[in-house]
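Please go over the structures that come below.
What follows is a pair of complexes built around subunit A, which joins subunit B in one and subunit C in the other.
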Partner chain A sequence: MAIAIGGRTRRLRRIVVGQEGVLLAAIVLLFLVVGALNPRFLAETNLQSIFLGNAYIAVAAIGMSMVIISGNIDVSVGSLIGCMATLSGSLAVAGWPIPLSWLVPIVASMAITSVMGFLVAYLRIPSIVASLGMMSILKGSLIIVTGGAWISNLPDGYALAQMRPLSVPMPVWFMVVLTAAAAAWMRYSAAGRAIYAVGGNAEAARLAGISRERVVMMVFMVHGLFAGIAAVLFATQLSVIQSTVPPNLELTIITASVVGGVSILGGTGTVVGSTLAAVLLAAIGSSLIFVNISPYWLRAVQGVLILATVLADLARRRRQAAHR
Partner chain B sequence: MEPVLRLQDVSKAFPGVQALRGVQFDVRAGEVHALLGENGAGKSTLIKIVSGVYRPDSGSIVLDGQPVQLHSPHEAQRAGIATIYQELLLFPELTVAENIFMGHAPRRAWGGIDWRAAATGARQILASLDIHDLDVEAPVGALSVGNRQRVEIAKALSQKARILIMDEPTAALTQADVERLFAIVRRLRERGVGVVYISHRMAEVFALADRVTVLRDGAYVGTRDAAQTGEGELITMMVGRTIDQLFPKSDVPIGMPVLEVEDLSLAGVLDGVSLTVRAGEIVGLAGLVGSGRSELAQTIFGIAPATSGTIRVAGELVRIDSAATATRLGIAYVPEDRATQGLIRPMRIRENLSLAVLGELARRWFVDRAAEMRLAEDAIRRFSIRAPGPEQIVGKLSGGNQQKVVLGKWLATKPRVLIMDEPTRGIDVGAKAEIHRLMTELAGQGLAILMISSELPEVLGMSDRVLVMREGRLVAELPRADATQEAVASAMMRTAKAA
Partner chain C sequence: MATADPRAAMPGRLHGLMLRHEMVLAAILVAALFVLSLQTDRFLTTDNLLNQGRLMAEIGLIALPMTYIIITAGIDLSVGSIMGLCAIMLGYGWKNLGLPLELSIALSLLIGTIAGAVNGWFITRVRVPPLIMTLATLALYRGLAEGISQARSVRGYPDWFFVLGQGELLGVPTQLWLLLVATVVAAVVLARTSFGRMLYAIGSNETAARFSGLPVDRCKIAIYALSGFTAGLAAWIFVSRVSTTRSDMGTGVELDVIAAVVLGGTSIFGGTGTILGTALGVVLVQLLKNGLALTGVKGDATIVVIGSVLILSILVSNWLRARRGVD
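The block that comes next holds the complex of A and B.
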């Protein structure tokens, strides 16, 4: 019995001191401190704008975390979301049935990330290169096709992100449900385990009968699914869609993954962490306004968080390496 | 004659191993001094101390009669000690001349590099070695291995090396290149350079060396004049170890052949290897590093599928094209390098143990956690893995416990054939004994074990039969009764007939 109790306290300790615990504590602390300085920060409208406007980043960060855990990266995700949002809006305006204008971009997104997955898995092109190429293609074609025009006159019933089932905003539903589902899948499924294994040591995984190629292909497809959903949430949150690529979106998404504790070297991290980090980053951005600091500091704060997280990860790896 | 370089009473320890223990060694001007010893005898550590990579824990290095401290490879080079490692350290994109003068190129008055002078200097050095067929403007990446090695030697001379250390210089050379290398080494000797020559090949040692020093288990065994010793004496000096620390394998009933390999070849690596392993039998596979031992294991396991030959498992002819196929057929492979091939270090013990059987543990999409936990707890108990519990991250375990996790992972696949490559390398004596005890137990349960090991006592203590590989071929098969250290070592190292 002593073992079981020991196991439970250890588990508790892991949650408390793990990256998720740190992030949760940081979020709570931030809300308490900023709320004390300026109570309007805690007003419902502000909380809603924090979650509503940023939930799609958390959704995209789920897929990005899987990609990074598998030992890869995708820097094209911002462009991909921009393109798919534009596609979704264009289909809706062109009179396609509304469910299709949500669904088609998601499928298209998966097709595009599958191409990247194929390049990375089977042709062995480093993911940074494959996704840089994809980013240029997507960015370029979006400008050529739309000329940067805004899409407006969206049909009624299209605004998925503005719906509020049970008076909770739809993006928050998506963020919570998808995070929980992805977390369970990563933690309990054989496929999720394979992603960690390939990212942790592709050679040992191969010897154990896990195909790097198939896992990487699968990861990119699942990543495309989450990016597609994120794009639809992004497209439907306002009454117009600006058909350009949101600046620095990929960096914000990658930042959420890394600050969420996903090791940039692959093999470790959780999607719960990346969602918490996305919430934290959004809350920091909002709080800067409420305590009268220039929002331009947000990027610098994000940078500090990235470096701090990576340094902590390195220190952890050093400690482990000492035990070889 | 006073030696140029003398090492006295040098010791060096790494965490968990005493690599050198009071070793002495010296090099005179104008001699070739061969350094002999099995894998792990301490040769590499010794040359790394001489070349300034490691600093000794105790003992002294005396250069030209003066005690010196070599704090870095750069200091050693300035002192006139050059080292040519097995992996040549050249820049493939740069030219021969640029490589030779890397770091100490002739300068112009204003500080720029005088490439013309460098090219001329490179040509002179090469000519002094009787090398006239090398274009100093050619990129090194385009050269053959033999030519690259000549560039390394020229580089050493351009640094005015008085002592040249060569670590297994012929390992990757063709016969013609070997002849040329010998000519160059003899020329260096005439010029008064002291050459430290490391090789396992007896023929080379006797063709080149003036003196031979033998190390064993990090200790100095002795130095002989090459003219006054023979292969037999040197081999005895190298292997005279005791087996008393081991759990020798006990006799268990030996059954039907489980793994039958016939005429297996892999282009350029394996040449017509045939062997049989029976249920309950441990077959030891000895051979020097590079003899094709590990490649044979990897070919059987499907990592590098054979180019010709047949494999039978339990009498049935099989085609093995991947590790997954091999696993399905009941073959398990504990690889040589735990860190790069065996374990996923950031994962938990439980996750590592179940990795090779994830497909079976998964019900529909999800891993059966209860079954996985049972597997992990069973393995921890059965292999006495010392850890706080199955949730421990594997990277934090000691080497011996990591190795038990690798073993546990593969035994979870319920194999019929277990291939173990260096099963006890780098682990402490206690864990070693436990793994040996486990091997005996597994053989008793009818497992067929093929064990590759560089440690002769392990091979002799654990094997029912010993196979010896050399240059991609099986060159000897010795039943337990005939397998003495001398017999196995001499088969491993004996001069190949062709040479």
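The block that comes next holds the complex of A and C.
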């Protein structure tokens, strides 16, 4: 992509004016403005609650971004995270070794998204329909199995999300390391590039010898991995697990991906963008209270934000097309 | 999409294809009716079925324009949020702005129509993909409903207001009449008018439709506006049925509606689908929910069955289509 002459400036320019740059600027601006209006916004406890409480959304948005880049969507991810968090907590309470109660939900999550991947890739069911069906199945099963009871009395040492290696909270470690790893994988590995190829132009990808079926299958499995990790982070951040599906979680995750610059048309976007967007969304949610706006307006703000991002993306594409 | 040979009489072939899907659905419906009526004698009674018709009206109404939209290869995820916004505006206009209730109803229908038209305008003029546009307004319209209402509910409507949601006409729930009439009109428009044919043309090949001089953009804006209007109508019925207004009304309705439409054989890729199929889909979902609940399955557990039926029905119809393709 980078052309030898002027490659560096071009790359620099892309970082500054690209979606990631815009998001970073928006985050800094938000913290400065809201911090100036109300210094308590920048208090350590508030910053903690912004990052700790929402890191799992950023982690789930990584997988969701891959799904969307490949030209698909998964509306069941919120229910999946709810189910896997409950599974994790139930195993821990039932006396399973703690590492297993972290690992089993991740594997189970990958198994479930593999089923979805199989339906989408090989049986050619549109992902919106497959995940819609899966959402009903997961949501219903959760209620059948748990009856909506809360899980408490979790064993010591289970609370992964409350650990602080090198005095940095664990969810932040997960968010940063996983984002970096996924970004590198998507940018430099053949498998990662194949996701862009399939999402950008499935026919061209096929002619280049890339199997759409295999790539879509792989994407859904990787998505399951991230959703599973997100579920464990979600389950371990408090001392009780509510064993219900967090309302609108899928929408928040999809919003993070889209606002992060993942084009719903498929083929473009980065996971760095989606993580920054998850942070921005969380910061906006928290800031409303500090500038005395009723939190009931949060969703309207989110909607405007998605719309603005999409419009900016379309405008940019059109400008690029005109330059060519 | 399935017909590899465009020279073969497309409408006829397409018709045969759809008929098959509807036959499958009708068979499932009859089987479900039979099995469920054996399980409990409270299921197959006139009272119960009429009551189910009452509960079905909102989903059924919204499913009609949704069928149109999906036939044009679009989607509208914002219907549940429009329903919430319209419900809030109905209550807000009457209680907080002091409008007469009739005017407030009209205002809420107007707002629903505008909300839908905004979707349509962005989708056609700015070329925002329908999925993402309506996902954005799913958040935006619900956010407006929550912001305007500040989670306060409105109650205490006058008696005449409840006729639509709780009243009866010749022994049949009022809103069921409305649903029946709307379904017949929607079916006739889709199958027998040039507007209906245009929807299929747009869904099968939008570029070709454009080059044929069809007013594609205007048509799309119209159906999204219709979808918004219908969501407003459903909000009115809903508020009248449950006697109160809340900002979370209609949450998740989009999924029920899309499930019913897709279950009814309308392809999410556009170009095929019928109102009859949608009607069967709506009835099947409602009766499954009700029948299972009566046989002692816990309320929310029935959605497991609906999710499975949704996936299975698509698998079966894909399989039928593939077999026909081979012939």
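One rule holds for everything that comes next: the second predicted complex is superposed on the first by the 311 of 324 C-alpha atoms of A that agree within 3 Å, B and C clash if a C-alpha of one lies under 4 Å from a C-alpha of the other, contacts with A are read in each partner's own complex, and residues count from 1 in each chain.
The working rule: contacts are C-beta pairs under 8 Å (C-beta built on N, C-alpha and C of every residue); 3 or more make two chains touch, one makes a residue touch a chain.
Just so we're clear, the structure is a prediction, and the values are computed from it rather than from any experiment.
Q: Which of the two partners, first being subunit B and second being subunit C, lies in contact with A:Tyr296: first, second, both, or neither?
A: Touch partner of A:Tyr296: subunit C, not subunit B.
Q: Does the superposition put A:Ile62 against subunit B (first), subunit C (second), both, or neither?
A: neither
Q: Of the partners subunit B and subunit C, which touch A:Leu52 in the superposed model: first, second, both, neither?
A: So A:Leu52 meets neither subunit B nor subunit C here.
Q: Of the two partners subunit B and subunit C, indicate the one touching more residues belonging to subunit A.
A: In the superposed model, C touches more residues of subunit A.
Q: With the two structures laid over each other on chain A, which partner does A:Ala183 touch: subunit B (first), subunit C (second), both, or neither?
A: neither
Q: Is A:Ile210 in contact with subunit B, with subunit C, with both, or with neither (first, second, both, neither)?
A: Only subunit B is touched by A:Ile210; subunit C is not.
Q: Touch test for A:Ile73: subunit B only (first), subunit C only (second), both, or neither?
A: So A:Ile73 only meets subunit C here.
Q: Using the touch definition from the top, say if A:Leu280 reaches subunit B (first), subunit C (second), both or neither.
A: A:Leu280: touches no partner chain.
Q: Which subunit A residues contact subunit B in one complex and subunit C in the other?
A: none
Q: Please give the residue numbers of subunit B that touch subunit A in the complex, ascending.
A: Checking each residue of subunit B against subunit A gives 301, 303, 323-324, 327, 333, 335, 339-347, 351, 354-356, 358-359, 361-362, 365-367, 369, 388-389, 391, 393, 395-399, 409.
Q: List the residues on subunit A that touch subunit C in their complex, please.
A: 73, 75, 119, 123-126, 128-130, 132-137, 139-141, 143-144, 251, 254-255, 258, 264-265, 294, 296-304, 306-307, 310-311, 314
Q: Under the definition above, what is the set of subunit C residues touching subunit A in their complex?
A: Per the stated touch rule, the residues are 75, 122, 126-129, 131-133, 135-144, 146-147, 149-151, 247, 255, 258-259, 262, 268-269, 298, 300-308, 310-311, 314-315, 318.
Q: Using the touch rule from the top, collect the residues of subunit A that touch subunit B in their complex.
A: 3, 6-7, 10-11, 185, 188-191, 193-194, 196-197, 200-201, 203-211, 263, 267-268, 320-321, 323-324
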